[in-house]
Structure formats: C-alpha cells, structure tokens
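For clarity, chains are labelled A, B and C in written order, and residue numbers in each chain start from 1.
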Amino acid sequence: MSNFTIPVRVSEIKDVAPAIREFTLVADNGEDLLAFSAGSHVVVTMKGEGVVMRNAYSLVSDPNDVSGYKISVRLQEESRGGSVFMHTKVKEGDVLSIAPPSNLFAPYWGAKKHILIAGGVGVTPFMSYIPQLLQSEETVEMHYMFHSSKTGAYVGELAKQLGSQLFCYDSDKGRRADLSDILSNQPVGTHVYICGPQSLIDGVLDTADGLGWPKNAIHFEAFKAPEPGKPFDIELSKSGVKLHVKADSSILETLEAAEVPIESSCRGGVCGRCFVSVLDGDIEHRDEFLSADEKASKKCIMPCVSRATGPSLVLDL
Amino acid sequence: MGSDVKSKPSYQAVEIDPTVGMSLFVGEVDQSSAMDTLSESLSADRKHILHFALTDWAKENADKRAPSALAEAMAGLPMSSKIYVFGTEAFLWDIHQFAVGAGFMSEQVALNEPASTARRVFCTHCYTVMENITETPVVCQGCGLLLLVRDHFSRAHGAYVGLNINAEDPSEIPEKEAL
Amino acid sequence: MRLAPKPVQTFRDDFTYCNSKEAIARFPFPFPEDEYRYSVNIEPHQPKDGPGSVFEYFYDIDEHYLSEMAERAMVMEERPSSCLMLPHMDLACWDLIDVTMHSLVSDYPDYFSLEKQGDQWTWHNHLLKQKDQFTFGDSSTLPEPPLAYMGKQVQGDFALMDQRENNLFMDAGLITCPADWSLAFDVGMSFAQWHGPVPFVHSEGIIDRALKFLMSIPQKQPTRRLNWTLTINPRMDTSPETYPNWGSDRTTITPENIGEKVYLRVELQVFDRMPRSNALMMNIRTYLISMEDLVTNPEWAQRIHRTMRSLPPEIVDYKGLTRFHPMLVEWLSQFDQ
C-alpha cells in the first residue's frame, strides 16, 4: 500500500525572515483541507530534476483554519536540497503533493502551564500551538532565540498573541537566554516544549535535570532529516531486486525511487511507520523508535534514517 | 508470587531523590515512623510531612477530591519536587491520583510498598467499592454476589476488579484464599 | 448489492436475531489457517472482496442496523456507564462526529445526508428518521453528549484513545456489546493495563509491538484487525456487568442444541487517527453467526473444527469456553471427515 497524498497548490509565497520563506498551500480541488492538531507536520514531496525529495515541515497556521495550510522553510545551503528547491524553484501556482498532517509533538493537555522554547526556525510548530492553547485558556510562556540577520520570523504576530508572555533573545543584538532562570521556580504541572538545534535541546535537558525536573515534563521534536553516510547495497529478499544506497540518500528514499511500495510518515526515525525486517547484514541504528532490545536483535531497521555498517543489507521486502 | 496480569502494580521500597527541591511525605498515621526514617536526611526547609487518619479515608474521599491539607501542600510545590506515599495500596493510589490531577507526573510520585496485602475491590456488577478485602472470593456488600478478586487493577479506582465467580453455576462455592 | 436494514430483531430474551443467506455469505470469517495461532493480523482498512463485502466501506451498515441501534439504546438506558468520557476528550468526540458523518454520507448517500453552512451542520439519518441541527464543536447544541449521539447511529462500539507519554489511554468509550470487559473499570487505563488479563500477549512482546504500531497510524490510513470469541445465543451485551444474567447460558449446551445456541462472535476492529485531537479511534463492530449457519460453508466448517481443536487451554479459559469446548470440537468433527 502506498501513502495517501493530497495535491496542493501554492497560493502565496512570502518571506517572513531573511532566510525563511512561508508557503500557503490550498487543496488543488478547491475543497477544505483536513483538520489537524497543534504541533502537526506535513511531508512535502518535491519533484526536482531527476530526483524526488520529501521533507517534513511543521504547519504554522491555526489548526482551526482548514482553508489552507502554511509551512515555513529555512534555506539550508548545506542540506540535501529540499529547502533550496523550495526557495529557488517553487513559484506561486505550482502544485505539490503532501501527506496528511501527522503529529509527533502534541501539547500535553494535562499541564497547568506551558513553556515554549524556540530556536530560530524552531518557532514553526509553536505557531499552531499558540492559537489552540490560548483558545483553551491555557497558561503559556514563550522564549524565542534567533539571529535577526537570518531568522526571527513571526515576532510581531507572537507579540500580539502572547503580550508580556513572549521573551525574545536576538543573538545579533547580544541577547542570550538564561535557561536556569527560565526553569527555576516554575510551579508544579509546568511542561516545557523545545524546538530548535540539538544544542538547545541538550541545554534545556541538562538544566532541567540539574534542577530536579521530571523527564516526562520535557518535550522536544526529536526527528530530523536523515544524515548522509557511507554508500552500501540492499537486496530485497522477496523480489530479488538489488539497489544501491548512495551516500546522501536514505534506504527509504532509495526504495521509493525504485517504486518499491513502502509506508512512511515522519521520515525522521520517530514514528515507526516505515519499519522493515532485516534478514542479513549489520545495521547502524540512527532512529529514536526501536527499543534497545530491538536494535540489538539486528532483525529490524527504520529505513528513513538508519544505514548499513557493512557493504550490504538483506531486507524482508 | 508474581502475577501474570500486567495491570497489577509492583512496588519497591522507595529511596530519597536528593536532586529535587521539595519533598512531600504523605502517609496514614501508622506509617509515621517509616516516614520519619526516610525523611531524616532532608533539612526541614526541604520537606513537608502530612499524616491522615486510617479509618475514614475512603469515606472522606468518596467525592474523589483531595483533602484540603493535601491540596494546599501540593499546590505550593515547585516543579522540582517529589511526593513519597506510605499506607495501604488503595491509599497510595488515591494520593497518586490526586497528585496527577494537581499536575504531577507519575514519576514524581513514589509509592512505598503497601502496608498490607489488603485490597480495595470494585464490584463489576453493581460498582460497589469495598475496602480492606483480604480474602477471595468475597461477598459483595452491594449486590450480595460472590466475587472472585482478580489481579486486574485500575490505578484510577485504586482497586482490583471483583467478578461473580459462580454465575454459571450458583452451587459452586470455591474455598476462600488469602490475597 | 447491499442488504437493506431489516425490521428490528432482538439480541436478548426471545433472541429473534438471525442472518439472511446473504449475511451468512459475507460473514467475516476470522481464521486464516488450520492451526490456532495468536496473531495481531493487522491490515490496512481498504476495500476488499468486492461490492457487498463487510470490507467495502469504512463503516459496514448492514441488515442488522435497526436491530443493533435498538439494542444499543436499551443498553445505554440500563447502564449509563456504557458511555464514558474523561473531560479532555470532548474534542476527540467531535472529531469522531466529523469523520463519521463524512464517511457515512460518502458511502451511503441514500441513508444519510449532511448540509453544512460554516459551523452550522444539519444531519439527516433517513434510516432512523432523525434530523438534527447543531453547531459543530458545541456539545450544548446536541440532544445528547457527542459520543452518545454519534454512537447511537453507527453499528459497532467506539473507544477513543488519548495519545500521550508514548502510550495510548482508554479515555473515552461507548461500549455496549463488549466481549467481557468493563469500560467503567478500565476507563483511563494505558494500553498495556487494559490488556492486563489477556494471556500470552505480554511475554511475547505482542502488546509492545501493537502499541507502537497503533501510535504510528496517521490520518487517512485506517487499519483493521479481526478478533473472535464464542457466545451463547446471539447476545450482544456480554458485559461483565451483566454476566450474572448470562453466565448460566454456558451450562445449557447439549449435543442437540449446540449448533443453534453457540455463536461465533467476530469483532471487526477499525483504528483511525482523529484529526484535531490526535486521538486514536477504534470502532469495534460485532458480527454474530450460529454454528449451524457457519457450517453451511464447508470450508469454514472444516477450518473452525481444526482451529478449535488446536486452541491452547489458556485461551479456552480466558475466553470462557471451558464448559462446552470439548462438546463443540466433537460436534464440529462431523464436518471434517
């Protein structure tokens, strides 16, 4: 079975920060899109020349608005090309294909207070959080770190929504956040959500741990784009097909390019949707989904991010 | 003996977590010395100890709201805190439930080994809740049916389920066993 | 051709429930192989087996619709705890209304229709001759709480599971025909907790894998599985609450009446991701067929004999079959010569 996709038209493009571009997507058939929950993302399929790229982007629009979705893409020159494609090739009126919204970063509705910590383009998932949290009359506080020369999207909009509960730290103006200050003396029932670079996530986790916070009160977007590695071969046991996984492609992308049917969702090693059994070969597990026992068993792999350590893998496909 | 039923909680003797800012000890009165021993190492400004009388716990809490002393103590705590609970199994889970309602995560509520093997039992036929049950089968105080006390446990009710043991053949009356 | 709903039959007292020839032919027979093996047997909930099959549409509305709706209304009246919702599940219940109404009007336009003007919705259920206007998302504009309202119009029970802390919690449900589990007791439990009493599945890691799989189900990619047990008489409400009323039925089985009184009870369980709440919805649709109707299909007759013969004693006990299982295997053996 292949993944369900929705054709969408790019109805508007605008720059929301020097390196961040916002795209409004509407259903190509003119109907409403699917409703979604705060913190959801969509996977966008981009058809470049001779290559198909798929990236996950958080929805930055109000979950109650199904007339269109908004996504914001930061230009990453060093990356695998998805953001460059979005910034340089996609024009208003173009048709793209997306998977329905999916959520791996939902608010914890039992919380008494929500602290949102965003770094740069990590502001994106919180753009859908804030309308839903405010509508539910939740207590919200946001700490937003950015470089105004590149990022810092939506500061005006956030200030309007959050007022004095928004705290901005523009590194280009020398303002830094003190995580210990932010996390100290918070009342019981506070939950923290982090979206940003790994260094920010690690910083918050370390600070919270040092202060004696419970681990489950800290939430972060764990998924990220697959990292390149050494090339290797894969063999599909059922069809006998052999494929070559290039250094900058994932197994999942290689299977998709060869039109092998496989389900997927987050493409970042978190959701578990693309689980595949492995019959032979050594695996470098890079996902957050499989348990330590499953990883040690060498019998399964998350092909969206994980790779072979040796020359080849045999997959049960 | 371990149970095959995975909803049945298992317990260990609790240990003090020195990293948290505030520690709240909650127990039934006969647990005072155990609480004192465990909390000894903490300075007075980092702990708070609450005792509740044994007898009327279930009656007082029929409305499922935390007693005001407990609610106040919990509300004043910072994120960096932990609750240690001592008492019967039903008491432990009542406190756990109140704490979660007040915003605590489960990992912040440490339940000591129950003070006895007595169980709270929820009759699945008439929903009567019976306290301090030590034997199975037991006659339901609500509907009079003979109930087998199973190992299936609800944290929300703090109770094990009781199911009519001889519905298929009322003449079958199994011998009582200690829980 | 689809089967039109028949006039109301009963699932209690005089038990007038019966399957037409067509309903027997489309029965979701759950045993894929001779040897009994516990399996999760999950597959995408996509159309299968052509027009008229129970897998043709998202919800299967069949000849028993009116009977099941009448039975459900009676159970909800007798046992209000058959419909429970923790306070944070209101949004999930509205998701259920959204998904269900759109699915029903698209699959059964002759039976159901929906008009929408912004958040003002008008719903027609032509089978139950019911018409309601309400404001989407505002529970005070419905004649009943949203879960009860929708559940009274669709065959199959509903569970709505909240997804949080890397787990699923049974935080809302409309459970009127459970195969022997109590929503009143289990409400609020985590996935592993409410499966606590099920044998085998914990030690073999089945529960952990099933949980991970269910949590990964995205919107628009529903999944289904079949589960089964045996019930005496076509009794829908085999809840533990009412067990004292039906437990003794199990002692009434004789070689003469076994074909008529023992029913194979199959649950078609459908899982779907709810859009706004991110809750996981489970529709538990129950099908009942008597052994004598079942054995009119020689392949099924042979297969069920072999499957029943190979049931592990733990499963026989867990499903409450102990009293009549040997007699059933013996009776079925005549169809497997």
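Operating definition for what follows: a contact is a pair of C-beta atoms (placed from the backbone, for glycine too) under 8 Å apart; a residue touches a chain by one contact, two chains touch by 3 or more.
Computed from a predicted structure; not experimentally measured.
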{"item": "Chain pair with the higher count of C-beta pairs in contact (B-C, A-C)", "value": "B-C"}
{"item": "Centroid-based (C-alpha) most distant chain relative to subunit A", "value": "B"}
{"item": "Closest chain to global C-alpha mean, per-chain Cα centroids", "value": "C"}
{"item": "Centre-of-Cα separation between subunit B and subunit A, whole angstrom", "value": "41"}
{"item": "Geometric centre distance via CA averages, subunit C-subunit A, whole Å", "value": "36"}
{"item": "Distance from the mean Cα position of subunit C to that of subunit B, given in whole angstrom", "value": "34"}
{"item": "Per-residue overlap in subunit A, given as positions that touch at least 2 other chains", "value": "110, 216"}
{"item": "For the subunit C and subunit A complex, residues of the former touching the latter", "value": "44, 46, 88, 95, 98, 163-165, 208, 212-213, 215-216, 218-221, 273, 275-278"}
{"item": "Partner subunit B, residues of subunit C touching it in the complex", "value": "81, 182, 184-189, 192-197, 199, 202, 207, 240-244, 246-248, 250-251, 323"}
{"item": "Subunit A - residues contacting subunit C, complex", "value": "1, 3-4, 34-37, 40, 63, 99-103, 106, 108-110, 216, 263, 265, 271-273, 289, 291"}
{"item": "Residue ranges of subunit B touching subunit A (in the complex, touch as defined)", "value": "17, 19-21, 74-75, 77-82, 100, 102-108"}
{"item": "Contact set on subunit A toward subunit B in their complex", "value": "110-112, 183, 185-190, 209-217"}
